[in-house]
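Next come the structures, one after another.
Each of the next two complexes has chain A plus one other chain: chain B in the first, chain C in the second.
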Partner chain A sequence: MATLIECKLCPRHCRIGDGQRGNCRVRSNIDGKLFTLVYGKPCAIHIDPIEKKPFYHVLPATSSFSIATAGCNLHCKYCQNWQISQNPPEQTENVDLSPQAAVDAAIKNRCRSIAYTYSDPVIFYEYAVDISRLAKSKGILNVHRTAGYIEKEPLEELCAVTDAINVDFKGITEDFYRGMSEATLAPVLDAMKTIRKWGVWLELTNLVVPTWNDREEDIKNLCRWIVDNLGAQVPLHFSRFWPMHQLKNLPPTPVATLERAYEIARKEGLHFCYIGNIPDHSANNTYCPNDGKVLVRRIGFTVLENNIVGGKCKFCNTAIPGIWS
Partner chain B sequence: MKNSDIVFVVLLVASSTVTIGIIGENIRPERTGVTPAVVSRIDSAKIKADIERAGLVIHEAKYWKLIRP
Partner chain C sequence: METKTMTRRDFLKTTGIFMAGLFLFRIKDFLNLMSAKKNNFPPSRLVEARHYTRADHLAG
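After this line comes the complex of A and B, so read on.
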């Protein structure tokens, strides 16, 4: 009789039959045991500015050794990495990179952090955790860019070896998550609360997609939820959508829409808001919530000026949350 | 329409029905009495060989449970 396994890594709880794979395409039931097929087999390796993840409150102007494997447990219509996230590992060009080799490469390339990114690190969980343990022992930070679609127990194990997480807070309605990503909202809300509870540095990204999640009401509700449940000091990046993957029919997000979202977020009480994917916009900068002065001036991912000293505004001595050294 | 035409049409339809029935019977999978929900075990050696051929390796995953051994 054929075996049947239930995967408990993410809220999908895929029931996987003999020889079959989970929704993520990279976890397989072989003879009644679950295996990951992407351990040590990344298909994307880059050295990026940490600001690209985006992390604006973590080690500014440093490089992050960024990796990803094939697969993903979401299926977002706008995915910019769909060639790797929406394909099984047989259809991506993978390289051999053991956890030790990944850490050695980060050190060799003077990267202060390792970023688990591009697809979604939830689906290469075991690989990410093993690299993280080694990196931590060498004083290298571990940072994640994720949709946050993960169960509590694995998330807590991950938080113990992770320094910063940027969660894609895609929208504030279940309908949006279902329609855009074939997922649900509630587990993502729980994940963000768990990350905060563990004291892992948290930044959020909201990709504003015309006609999907750009209503002022939705943006206000999203910001309010953040303030009420995570705190006003959690940075929120509004990111500009570009036509991509299954949404090539839509226009790019108007700059005015992003500026309005920024205003709503500030009005709802969020201290640190940003507009992403518009390199020369003033909302790329970090401003002191106390005296309004520019703390970190950026153009694109490049830091031009940094006025945070010892984790404080150098002008008024206000403590600025983040990981600055 | 003449009676002979009607007879012709009836015979044509009847013979077509019989022909389709015979073809259908030949391509229908053999009924074994096994319910569709129960599938025989997959050859795990073949699965592993396929994975290896693709340049991948298997690594034990975490966070799962066995529903049916």
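After this line comes the complex of A and C, so read on.
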């Protein structure tokens, strides 16, 4: 007799009939059991600077072994990686890479961390957790780039083996999440609070999309929420939108818009703000919140100068939050 | 906007930097990894997911 299954990994709570898959395209009900179809089957493997994730407060100038599988539980109109996130694994080129092989490859290539990224690691949850446990035992950090659309119980299990998470804090309204990503905002807010509660290092990214989430009031509200609920020390990266996927009709985000967002964030009290996708901008650098000196100077993803010693500003000895060793 | 014509020297310089980058990042190892173990779908062994329940008892 066919058994209906309810997946409880993400807030969609897909009810999946026999032989069918969840919204993410990679979890399937087979004879009454739910299986992940992408375990050990990444379709993207790269070595990237950790700054690309982006993590600016985690092991600067180190390499991160980055992997992803097909699928995603969001459907963002602007997705840069839609070829893998919006396709099932039948339509991606997949490689066999067991959790042990992933960790071995990271070690062999002198990567200090493994990054679960590109699509969304929520949908290859079991694979990511198993790699993370092995990596942790070898002293390799586990870092995630995610939309944070995940239920609390699996998130807490994940936090136990994860060192840093960058959440795409896409917007501050339910309308935005519904219209842009076919998702909801509230679970993402809860996820960010859970991550902070667990002490996992958190950085946030906000992709500023012209006409969608670039109003000054929205940016102010987003920054205010961060300060009130997560703390002023959580780094926030404003990222420049480029016409992509289903939003090729829009222009790239004007630099002036990003600079204004940066000013608003600083005014709201956030200590560490950045502008991404503009390689030579001064807002790529990390500044000491106490004396204003340049702590980490970057161009693009390359670190040119690092003045953080023992986790502190070398000029005034102020402790700088992050994972520096 | 004025466009700049790439000279032969620029082209060789860019190519040289690119080749040096490939060597430094050992792309060859990854190409070997990708080609030697490339496998299509479906996987030979399925792994059971976590965080799910049976839903037969739910109405609707």
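One rule holds in what follows: the second predicted complex is superposed on the first by the 324 of 325 C-alpha atoms of A that agree within 3 Å, B and C clash if a C-alpha of one lies under 4 Å from a C-alpha of the other, contacts with A are read in each partner's own complex, and residues count from 1 in each chain.
As a working rule, a contact is a pair of C-beta atoms (placed from the backbone, for glycine too) under 8 Å apart; a residue touches a chain by one contact, two chains touch by 3 or more.
Predicted, not measured: the structure shown is a model, and the values here were computed from it.
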{"item": "Which of chain B and chain C A:109 touches, first, second, both or neither", "value": "second"}
{"item": "First, second, both or neither for A:45, with chain B first and chain C second", "value": "second"}
{"item": "Touching partner for A:31 - first (chain B), second (chain C), both, neither", "value": "first"}
{"item": "First (chain B), second (chain C), both or neither touched by A:206", "value": "neither"}
{"item": "Touching partner for A:18 - first (chain B), second (chain C), both, neither", "value": "first"}
{"item": "First, second, both or neither for A:97, with chain B first and chain C second", "value": "second"}
{"item": "Contacts on chain A seen with chain B and repeated with chain C across the two complexes", "value": "3-9, 15, 27, 30, 32-41, 89-90, 94, 125-127, 151, 153-154"}
{"item": "In the complex with chain A, residue positions of chain C that touch it", "value": "25-26, 29-30, 33-34, 37-43, 46-56, 58"}
{"item": "Chain B-touching residues of chain A, taken from the complex the two chains share", "value": "1-9, 15, 17-19, 27-28, 30-41, 89-90, 94, 125-127, 151, 153-154"}
{"item": "Of all residues in chain A, those that touch chain C in their complex", "value": "3-9, 15, 27, 30, 32-41, 45-47, 89-90, 93-97, 105, 108-109, 125-127, 151, 153-154"}
{"item": "Residue numbers on chain B that touch chain A, as the complex places them", "value": "38-42, 44, 47-48, 51, 54-69"}
